[in-house]
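My structure is below; once you've seen it, I'll send some questions.
Labels for the chains are A, B, C and D, by order of writing; each one numbers its residues from 1.
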Amino acid sequence: MSAGPLAIPSVAARRGAARMSAVSLALWTVRFLVVALVVAGTIGTILKDRYTTAQWFEFVLFGLTIGSLYAQVALGYTMVYGVLRLINFAHGDIMMCGAFAGYFVATPLENSGFLEVHPVLGMAAILAAGMVVSGVIAVLTERIAYRPFRRVQGFAPLICAFGVSFFLEQTFRGLFGSSVKSYPAPKWEGVEFHWAGLSVPGVDLLVIVLAVAFMAVLYLIVQKTRMGMAMRAVSEDGEAAALMGVDVGKVIVFTFALGGAMAGIAGVFYAFLFKQVYFYMGFTPGIKAFGGAVLGGIGSVPGAMLGGFFLGLVESVGPSLFLDGIGIKAPYELRDVIAYTLMILVLVFRPQGILGEHMAKKRA
Amino acid sequence: MAEASLLLCRRLTRRFGGIAALTDLDLEVASGAIHSIIGPNGAGKTTVFNCITQNLSPTSGEVWFRSDRIDGLTPDRVAAAGISRTYQNIRLFRNITAIENLLVGMHLHVHSHWWGAVLGTPHTKREEARAHAEALKLLHFIDLAGRGDLLARNLAYGEQRRLEIGRALATRPKLLLLDEPTAGMNPHETSRMMAFIQRVRAEFDITILLIEHQMRVVMGMSDRVTVLDHGAKIAEGTPPEVQGDPAVIEAYLGVKSAAPTAARDHAASLLGAAASER
Amino acid sequence: MKTLTKAATTGLLFGVGGVYLALVGLLEMMQARPIVFGAVNLGQAVLALLALACGAVAARDAGPAFARAGAGLLGGLLAGALMALLQVIVATVPLQGMFIAASPALRNMLAFGFAPGPGALAMLLGGGIGGLAGAVLAVSVPSLRRAIVAGAAAVVIAGVFQELIQLMIQYEGIIGWIRDFVYTWQGLRPQGAVAIFVIAGGTSLVLSHRSSAGHVPSPDQRRRRRFISAGVALLVLVLMPLLAGAYIGEVLMLVGLYILMGMGLNLEVGLAGLLDLGFVAFFAVGAYTTALLMSGSSIGLLHLSYWEAMPIAVLVSILGGVLFGLPVLGVRGDYLAVATLGLGEIVRIVVLSDFAAPLLGGPQGVLDIPKPSIGSFELGSPVKLFYLTLVCAGVAAFIAWRLENSRLGRAWEALRDDEDVAQALGVNLIRSKLLAYGLGAAFAGLGGSIFATMLGSVYPSSFQLLISINVLALIIVGGMGSLPGVVLGAIALIGLPELLREFGEYRYLFYGAALIVMMRWKPEGLWPSEVRSRELHAAAGEAEPVAAMEPG
Amino acid sequence: MKTKLLVACFGLALLAGAWWPGPARAATSGPVTDPLGVIRIPKGAPIVIGGYWVLSGPDTALGLDEKRAVEVAIHDIGGNLLGHPIEFQAEDDQCDAEGGQTAATKLASIPNMVIVLGPACSSAATPAAPILWQAGIVDIGTACTAPSLTAPDRKATYDGFVRTVFSDNDQGAFDAHYIYDVLKLKTAVAVHDGSPYAEQLAHVFAGAFTQLGGKVLSIEAVSPTEVDMHPVLTRIASEKPDVIYMPIFVAASAQILRQAKEIPGLQHALIYGGASLMAPDMIEAAGPAVVGFHIGYPDVSPTSMGKTYPKLVSEYTKMFGEAPISGFHANAYDGATLAFKAIAAVAKTDSAGSLYIGRKALRDAVFATTFDGTSGPIACDQYGECAKFKGAVFEYTNADPKTFKIGVNPKKIWP
């Protein structure tokens, strides 16, 4: 396994081996394969000419819609990672909590007809419920499960986050049952817009626009308010910020509340789009949103938004664009594979993401 | 290349983003010497270490060790070539015992395969016994006999420093890089550490490259001193030579070379002996 | 005043805990499992336990005995009040549309069968009495307290696992007579419960008297005692399926499989510090390789026998582990966890997909996998396969133990603590990490291989992310890096839930809670790995002069 | 030294364990001789009957419905058989292979287990049936429809397995026939969700539809928890099918129904689902989009079911406070009836009042018994297929979950 120091092979051979080790060869093979696959698939699809322009437009639109939700959830990951260097694995489940809260407000509102008559007020109430419940649960989670680990290195916080994720999911299953609950569908959301032969469902448009608006508000909070600035300072260097008189504990609570509220909004939108609420709904979107956060550069707020949108887009367009072209049957079955692959590629090849600085090493 | 020099850095440069931590450094360490690197905070001293051991790959420049070029190798190959180091903020394997830390250091010199360990072959057993005996000797040498079964994190500060040096020695290096071995020590402990370092050189017959802040240590035991400032070498020579160098005084006091003699004298005395007050 | 506040807070907290248990549906489910047939069920026992614990905690450091009793009473009353309130609300407000567990059955249980009003009063009183009793118990003589707790625990175990115990004592004669005295077919008899309580409590009393007269055991003695008890536990494990039959064999077989996987993941996580959440992929590789090599169905490849297929499966798993590890070599810490999670999911989805179906069978899986046989002796039943698993787990444990104490094991531990430093000391990161992935995968692949032949069929749905989580949870609960911890964790997290099947839906609730609780209060696990003493183990000879140690 | 001793003990015990003789099969007991063993039930002791279905998780309704039907069957014969009380012990198989194996092992280890009913899922039945048969116990499947379980080339280890439910082959052929011959629709896309049931049925349908002359444009797959169906539907729309055939489960099919309305080019395609979508949950989950949705299902209208079906439904409703919650209760009821009839046919009582049942004899009796069941005539062929598929097509007509009633909403539209 190891040679004594005197038995070193010739310099040239060693240098060659170091520069082009088996590992980097393997990694280059991976890169090459992925690029080849994407290019071949794209060319194949273009040659097949199976989809119309309108259909491509739809792939993009639906991708952006789900991407806007990933982006909102990704924000929570990114902010928490920034201040605590912790992957809050339960964040997807916090989104689920918001969706449930929204459901228990939306259903009576719809049944009483209020939501039909006053869409704006009704939506505001539903969103508020989602925000508050998710925010409160996020803060409680921090208090109970994460605070004791603030100074702990290693796996403990991440494993605890796993525990929280299970606990939240199973608690909601126990409380509200494992059946899929159906979100109300007020009549006004069935509107469709038509333009130049393309049709846009009103809900999708509403979700994208509102999501972007809420994210803009969050961006302003982070950039302009005292608390937001304190948060960025803690992200940058927690100890220095503490020395400058920033109350780190308060900042962390604020971060969780903000991220939780954002996830709550995402949960309500998610439920409005897909009309389903159940206890396990947050897990997969949560992981994907984390992928989005990594993609954009974890720790960076604009990065998370960008990454979320990008992930949604690739997931929606990818199977048709890349996989269809190389003749894979039932490509949408492999949709999650595309999302996970993208996430792993970023983690392996560019852990700092599109916009982020290199944070991956700070914790390790 | 001179026959006597063990390590040679040529035009070594390292940039972080746009900032140069190290610019065109030429460094030559003579075989058997104690060679110190000094300089104000942020002068790029630890970066030199990282670029030698390849924890950081240099942006440009070359590093030669004995007759081999070692930049571009992975750190474990650098260790195999015969360079070992300690860290400014002690980096022991905290969750294993002291003696196991030493055994990890012997990794390169225990010749056994994992399947040999699984099967319990006589060869493996022999190797383990040999490594064990060697570790015990080393433990004795670093004055930790009887404390070997304590977890590294439970050792006292000075013991941790010595254990880290012991671990580095366990790799049987030709060149030992010590990054501020006396940091955080009182004068008494510092003296003991100095004696210990001398003993290391004598007993193991190795070359030592030292980063140090305490001038008493540097001036008291170095054969040669290199002074860095802002990532560049500003002076090099024997301790007395360096002590008198105006550029060095300027770097330490931030005064122009045309400064009054009094200030220069003050600086020289500071560099020379002031540290002994600590 | 402070005592009062503390007692009140404790009471409220326990009350909230009780309300949580009720609304999440656990209490009602526990009610269905009798402890003493016709008298006490598990739900009531848990309520009582809550009240007692509440009283005991409220009374802690409350000063003089009467103050303690008062604190316990107050805490219990408050907890009872919350539960009573819940009962009244469930009775008056139709909550079940929202909380599915808020059923009339639950209300009835919380009211002890009375109408809402008297029921609330009963709960309040019950809480108070329980709290008081808990406080009294907390201040009573330790040996007495221990005896009562031991007796009660014995009764609960004998009652809750009555089905199982009865299966084990299906004999005539004296055992039959004892069985009929203690049990009816449906559960524990009251007379049996009393007998068990007295025997267990009495034993505890006698033991505590003896040990109080004795001495504190030395570390060496303790180690020997541990060693012996581990040996006894192992023997029991070996003999248990013979005495208790196929079902216990089946449960133990599952435990054995998880021990095998736990040993593998322990190499990766516990020793090398590589947090791998895609571990199930190796299990799948082992299972599918075995299945494809052995299956008699149309997608079977070679129709090998098990003894030929198993080594190939293990080799393929190792290869899988190395390929899996290659891309993520440079990914560290939390990022590694997420990357491996993604990899594991990719493997599952691809196995399930239509794209790979011509090779792997897609959702229909691979059927018709024969059982292993030695000569003409077929290892057909779960009990026989359990012995195969046990042997494999034993071999795995041996390998893991030897590795742990080897050069490679030390390199792993170094890598876990500080990757950069380990590398600077000459540890080849790539090689060490790939060995960790490969060897970990070997164990999981072996487990998968046994799994395939045990079921005789392999479906993609068996390789969910939850398997990875189960394995991770068991090594964390058991104690990271500790081999006995793996065994203990597997028994606690896999065996126990399998015996309490009706609580299956709550399994992951317990897991979640267990992970949080363990990380907060006992991060080293139930059976932590021991610090190896090397210096003392060596012949304590004088160290020779160091100068003799020539470098190079 | 001590270690070695321990290891030696361990090894010895292991050897002893592996070669410990299994329970000897008493060939003769009382008045009965049987090659597989005889069950002796003393006077007054219960006849133990086992069952295993999915009783937890998302498919609970499927299994619970069948378990309840067996309880109705036991209730209907007064809880007694040949003067012995019936003790019914049901286990949860979680609808997967491991669960099936564990449940079967547990049932097989219960002393004097006479016969076992269930399961609902083929993936559970595949490992479970051989385990039960190895213990000499007959297993009557009540909703597991995989063709392989009763295929002519099935292994001898499945000799003890019969089922009172039809095979997927029949369902798929029926659906293809209806769509191609009755509706005259020529192109289809089949969608499955990766479950063994749906995947099998999608492929059986595709085969049958192609054979009839139709064209299957593609077989797509989604994941059962997928919510965003837009992209896959857009893809399907590019193929312009007349029919989307999706024998999948409630959550995913509700998404497809809803989102297909938003996809240009799919608004007019017929969406046709499988038997698992006959549930009030379906209406709730799909909302208004459910109207017009077709499903192929066993014909449970009183006119085509056995004469006793209405009685089963009313009894079921009386006992459990709600109408049957899923589709295979009649099959389960028939399975229980088959078991009782077979036991009654072979059991012998001695002078002391003890009951003796030969295991091989019981198996043969199950295969030989024929009767008119609530789901139709029951008569097993030599591979254990005891029921014939009699299908119907239903259409949802109302989006209010409260109106769910099999035969009303969804309404039977064919034949």
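Assume contacts are C-beta pairs under 8 Å (C-beta built on N, C-alpha and C of every residue); 3 or more make two chains touch, one makes a residue touch a chain.
Remember, predicted model here, so these are calculated numbers, not experimental data.
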Subunit B to subunit D, fewest steps along touching chains: 2
Innermost chain, where centres are averages of C-alpha coordinates: C
Whole-Å separation of chain centres (CA-atom averages), subunit C against subunit D: 33
Centre-to-centre distance between subunit D and subunit A (centres being mean Cα positions), rounded to whole Å: 40
Rounded Å distance between subunit A and subunit B, as computed from the means of their C-alpha atoms: 45
Inter-chain centre distance, subunit B versus subunit C - centres from mean C-alpha coordinates, in Å: 48
Contacts with two or more other chains, residues of subunit A listed in rising order: 1-2, 4-5, 21, 178, 329-330, 333, 336
Contacts with 2+ other chains: residues of subunit D: 57, 194, 219, 221, 223
For subunit C, residues contacting two or more additional chains: 349, 352-354, 426, 428, 505, 552
Contacting residues of subunit D [partner subunit C, same complex]: 2, 6, 9-10, 13-14, 16-20, 22, 56-57, 91-92, 94, 96-98, 101-102, 105-106, 108-111, 123, 126-127, 130-131, 134, 148, 155, 192, 194-196, 198-200, 219, 221, 223
In the complex with subunit A, residue positions of subunit D that touch it: 57-58, 60, 194, 218-223, 225-228, 230-232, 234-235, 237-238, 250-251, 254-255, 258, 262-264, 281, 284-285, 287-288
Residues on subunit B engaged by subunit C in the complex (per definition of touch): 53, 55, 74-76, 78-80, 82, 84-85, 87, 91-97, 99-100, 103-105, 107-108, 110, 112, 114, 117-118, 120, 124, 127-128, 131-141, 145-146, 148-149, 151, 167-168, 170-174, 203-206
In the complex with subunit C, residue positions of subunit A that touch it: 1-2, 4-6, 21-23, 26-27, 30, 86-87, 104, 144-145, 148-149, 155-160, 162-171, 173-178, 287, 290-291, 294, 328-330, 333-334, 336-337, 340-341, 343-344, 347-348, 351, 360-361, 363-364
Contacting residues of subunit A [partner subunit D, same complex]: 50-52, 54-55, 58-59, 62-63, 66, 178-180, 182, 185, 192, 199, 201, 270, 273-276, 278, 280-281, 284, 315-317, 319-320, 324, 329-333, 335-336
